[in-house]
Amino acid sequence: MPVKPYQQELLLDFRHTREASVKMCQPLFTEDYIPQPAEFTSPPKWNLAHTTWFFETFILEPFDASYELYNKAFPFLFNSYYQWTGERIARNQRGSITRPTVGEVYKYRLYVDNHLEALLQSKLLPHDIINLILIGINHEEQHQELFYSDLKYTFSLNPLYPVYTERAMCEEGNAGDSSFIPFEAGIYEIGYQGNGFCYDNEQPIHRVYLPAFEIREKLVSNGEYLAFINDGGYTNFSFWHDEAWKWLHDNHIKHPLYWQKRGNKWFQYTLAGLRIINEADPLTHISYYEAFAFAQWKGCRLPTEFEWEVASIHISWGDRWEWTESAYLPYPGFNKPTGAIGEYNGKFMVNQKVLRGASVATVNNHSRKSYRNFFHPHLFWQFNGIRLSK
Amino acid sequence: MPVKPYQQELLLDFRHTREASVKMCQPLFTEDYIPQPAEFTSPPKWNLAHTTWFFETFILEPFDASYELYNKAFPFLFNSYYQWTGERIARNQRGSITRPTVGEVYKYRLYVDNHLEALLQSKLLPHDIINLILIGINHEEQHQELFYSDLKYTFSLNPLYPVYTERAMCEEGNAGDSSFIPFEAGIYEIGYQGNGFCYDNEQPIHRVYLPAFEIREKLVSNGEYLAFINDGGYTNFSFWHDEAWKWLHDNHIKHPLYWQKRGNKWFQYTLAGLRIINEADPLTHISYYEAFAFAQWKGCRLPTEFEWEVASIHISWGDRWEWTESAYLPYPGFNKPTGAIGEYNGKFMVNQKVLRGASVATVNNHSRKSYRNFFHPHLFWQFNGIRLSK
Amino acid sequence: MPVKPYQQELLLDFRHTREASVKMCQPLFTEDYIPQPAEFTSPPKWNLAHTTWFFETFILEPFDASYELYNKAFPFLFNSYYQWTGERIARNQRGSITRPTVGEVYKYRLYVDNHLEALLQSKLLPHDIINLILIGINHEEQHQELFYSDLKYTFSLNPLYPVYTERAMCEEGNAGDSSFIPFEAGIYEIGYQGNGFCYDNEQPIHRVYLPAFEIREKLVSNGEYLAFINDGGYTNFSFWHDEAWKWLHDNHIKHPLYWQKRGNKWFQYTLAGLRIINEADPLTHISYYEAFAFAQWKGCRLPTEFEWEVASIHISWGDRWEWTESAYLPYPGFNKPTGAIGEYNGKFMVNQKVLRGASVATVNNHSRKSYRNFFHPHLFWQFNGIRLSK
Amino acid sequence: MPVKPYQQELLLDFRHTREASVKMCQPLFTEDYIPQPAEFTSPPKWNLAHTTWFFETFILEPFDASYELYNKAFPFLFNSYYQWTGERIARNQRGSITRPTVGEVYKYRLYVDNHLEALLQSKLLPHDIINLILIGINHEEQHQELFYSDLKYTFSLNPLYPVYTERAMCEEGNAGDSSFIPFEAGIYEIGYQGNGFCYDNEQPIHRVYLPAFEIREKLVSNGEYLAFINDGGYTNFSFWHDEAWKWLHDNHIKHPLYWQKRGNKWFQYTLAGLRIINEADPLTHISYYEAFAFAQWKGCRLPTEFEWEVASIHISWGDRWEWTESAYLPYPGFNKPTGAIGEYNGKFMVNQKVLRGASVATVNNHSRKSYRNFFHPHLFWQFNGIRLSK
């Protein structure tokens, strides 16, 4: 049955995204799909099922009258945080659930995919549903990125240092001291202005007045950060926020998450195994606290998210999510959508910091200059880095 | 010996502030000076000694060559959080220290006062020292405000509901539904512009672009908040931030801090004892989480700190510290001062929310439209309230 | 090469035990081998590897000169609590380790088995080594029992209620009110007296004076315990120890671990899935706290471990580990062996309660009347039950 | 009005005990009456009021028809742990309560004392009430002992090291290596056999069979313990229980509670201030964990409580409570009394260790060879020490 070309294109996007999730799991053994070593990570199996549950819950159940749930217990198991849609397993127990098996989860994916593709092909869908499918695709892309950071965290705890891929993914780059690019003071427009997909938190478009600023063209390198460590950066309180200093001591933190010193050489765990640190590569896996302290030591600061957005066409970005000095807050005029989709972004707008850019773990096309990522300032397991400003 | 009139005036300010701290303790019994029931409070005795230690440490020790410490163990006991000045007692153990006695602390005050007054009268002091004394006075005024909120918290735990003063201080007011005042979009100047004292975090003066907004003339009243409670405000997740919802449940929070229901009447603990709630009074002792949820329920929002500062000459304020939607961040161009005074404000600029205004517990003249107070979003023991915006 | 018949018999025992561990895993999917939902449980994969590590570390490494470690990282991963043998993974991170895979662990077992069998067949081994092998076999039998209780705990968290085996293993029995058997006061001998294997904590043989006592022939049934619940047993503090009462409230405990009420029917999770409770079956999965409170309610008490041992030939036992009133303490004259084996029992002799008997999960022949099992009083995930005394 | 001589004697005992509690507070400042630095301690003011509440609640209220409560809020404030008698303030908030003032508590004591003396003088009281008064007196004597250990704990946290009394109370003694006294195997009678007062946990009298044993005449000295420290006692896991080893590391414990090293000299905080350690004095303020580890290192063990009771007439005791190897369990035939008094001892009979003897802080006549004190094995703030056995 003929549908609008746009819907046809969406179908291809959907397929592509769904296939990509499966493909990135190919190097895994069944065992790797299960553990959740920290509350902030999720098991690969859970990711595969949760992204499927998203389509089932927000599209098939409400809009496909003939749809029957694949399994009535799955919503409890694979809901993440949506209060709207009912009870769910405690967040820190995702790693305790062995059934459904990995094979069964792949069947679940197939079942939902078939129904969703049939829906897309059956008739002209109203804008609301199209938009929900788009959110579902973007949601899955976010989980594809989390897949890498979560897997890396799990593997890093294992003294066997498992190799996900021999290609030293995610760790190479071109960073380090470079010139600062100046920008003039003035009023700038902020927020997503295109015709494609964006999240609700990237809008409304609004004006911001920025004083003159400078931003560095390149990211901070491992070598620069090493100089900070060697200069006693982790033992001088004056670079750190008060609560960062407490966090350092409570958690015995003395270097970036995956770094370790053997003899007098620094190594880091990567998805290609334990590797010697290349000083020219861009630094990664640090918390906001560390990013801020490093910037203080360097006599600089982190950019605000608005400076970053304005500067984005003049700098090289995309390898690391970049911590900004901005708190994650609603844009002027922002209103949470009603219903479950309203829980997507708005309810997290307190006590978190905005990151801008994208990382080597980000899916192609899942980045844009208005994209706002956000994490609590102590979290460090994403592929995040530092850009300096002044 | 004759000194500049300005220094003479400072001397009077100093004396006035020091006397005020003593005067507000007059209704206390010795027993009341000791406890610290929560880490965020401090005992009255500690407050009296800590504000004294501040003058001793930052002015007398470095600038009065003949000064001898009153007691060498006191800096350990009465330093609050200044890493720069050395080790100090664990923050949560301030209530375990019975000696020096209250009487001894008053002697300590006298000793330091005499030396500081002598210094002020002895010669013309350079600007740096004058400024430090001004900070010391303002610092003591902040602790005078904390004195009331900390004492209220301690007393509220006691089923005898002790009375600090029969005058129902801090609780009466003139609040509730009122008109919204409109402001035009445009560029506004933010930050302290006068010639008097201000904290480093109120500067540099800088420009901010604000979209058009409206702000309510009066604060939210107890009656309005009661309507929120009666409408199920504490049981509907959609008004709350994700982490606020967790906080509600972990702490079994169902109403403002000092409220309790007896039969079908609501009471609140006040420094004049347990009193029936007057619906026309301004609401107080709520967290940011609650302020935000209430605003959501009301179909409004909290103002930003910039909106507040711009609007401040058109609204009635001064009874409650008012939560804003703004995160506590440095103004553009802010640099932490070097040395211990640099620890005063800068190191707290993460994960906190700005409050604007002042409260019934604020010392006269310790308020100005550019003043930035800040607390973590879950804290509720200050005299804070809600102003709505849209 | 001919070896002593005794050694030949040991070889058969070894083989039998090693095969049994593998056999009990046959109903598992690979996913089931991984999780550790609570610190007191261990993953099946870890159990399989840890029991293998035990033979490798305590027999092959020290006594087989030609033996080479299968993998140098395994001791770190599969040591449980032996300080003597070096560093090991944090106890609560056993579920985070995906590699070695299950298949690799089976290879590790084969490798160690082959070497150990070769050692047993190569020459006449001294008594010390024979004894260590015996300990290794008994150690593995203990982990076989833990396999069932740990797996049941993991599966119970899953709303799909996985079935390990359709045979309703471990839950049927013959319990409930029965006559009490009287015993006379006098001196009795306690401790293992045979020629076979026993643990160090079952000796030395020693005398104990017991006042006259009576002990019930049969275990407490589900039905009896239900009467306790229905009579408000969980809400009357007078039956409970002070710290048990706190435990009840902190953990919201209102019934045995795996029980749940649906409508007005009680069900329990079993390794055969969720089943309606049969009132005649022996009660299981309760803490010492609950056992004690039930006995108080019934006007009885729990037996001491000495009473139990004396009575053991006159009662029916073997379905449930039975909580005793005795604390786990060394017998008079007990001395911890030196070296790592000394860590097996002695270092746990504080704050734990003795359990006597055996359970449906216990391997055949791994029970004897002198056997002393021990757990902290709040633990309830073993197949433990209640026998009354007075 | 004439009453039985026995009742007259009880009256004198009552008066004497009540006066003693007041007298031991004479060196205190008002400030010292308030803090509770750890949950296991109680403020002096609370002790004074709680012992008064005991007489009010268990004697005056039920048995003196004309008695009126001094203040209806006091039972909530000064009940310790009696579920039977109703709600009470959280145990860890005793230090937050400033009112009633110390002076008011002394009035409360006077009020209750007058009523209780009047009751004792008014008529012949039945045995039950007499016994409750006796329990009340003994209860107050226990709190007199706790007064010293709690005050010492509070003062020890203060870098000013306050002096309670210049007389170096509680720290001098006559300890160290001495001969072991042998006892023959056999049946011994255990439990209180006199006509005076004893607690319910000291009975019933019962027989115990003891193998032959030896017990040291004198307590372990500071010097002996120092040798243990110097020999690496705190860093060799083989002396310690598994959970003791964890406790050591979690709490960074490297020496007894009040010891500190300055330069190369050891000091300890005493109620006479900070004093250099005298090696001949008996060791004090150690946990059971430490006592056990020391005994292991010395090649000895701790006595059981039964050995201790049997040996008590041949050894010198009374300076230190002595940890035994025995768990705190009911004697054969023990039954908890019904009602609130039944909560006095029975509900603590799990997870605690028995101590025998008495200490320098024990009130005269509040010691007897059958007395059973009990604490959790990690607690160390009592005046406890070590006696060796083998």
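Letters A, B, C and D mark the chains in the order given here, with residues in each chain numbered from 1 onward.
In this section, a contact is a pair of C-beta atoms (placed from the backbone, for glycine too) under 8 Å apart; a residue touches a chain by one contact, two chains touch by 3 or more.
Being a predicted model, the structure only gives us computed values, none of them experimental.
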Reference chain C; chain at largest CA-centroid distance: B
Chain centre separation in whole Å, for chain D relative to chain C (CA means): 37
Intercentroid distance (Cα basis), chain D paired with chain A, Å: 57
Centre distance in Å when chain B and chain D are each reduced to the mean of their C-alpha atoms: 44
Those chain pairs that satisfy the touch definition: A-B, A-C, B-D, C-D
Residues of chain B that touch chain D when the two form their complex: 29-35, 37, 45, 71, 73, 76-77, 89, 93, 95-102, 154-155, 157-160, 162
Of all residues in chain D, those that touch chain C in their complex: 81, 83-84, 185, 187, 206-209, 211, 213, 237-238, 240-245, 288-289, 292, 325-327, 329-330, 332-333, 336, 342-343, 347-351, 353, 377
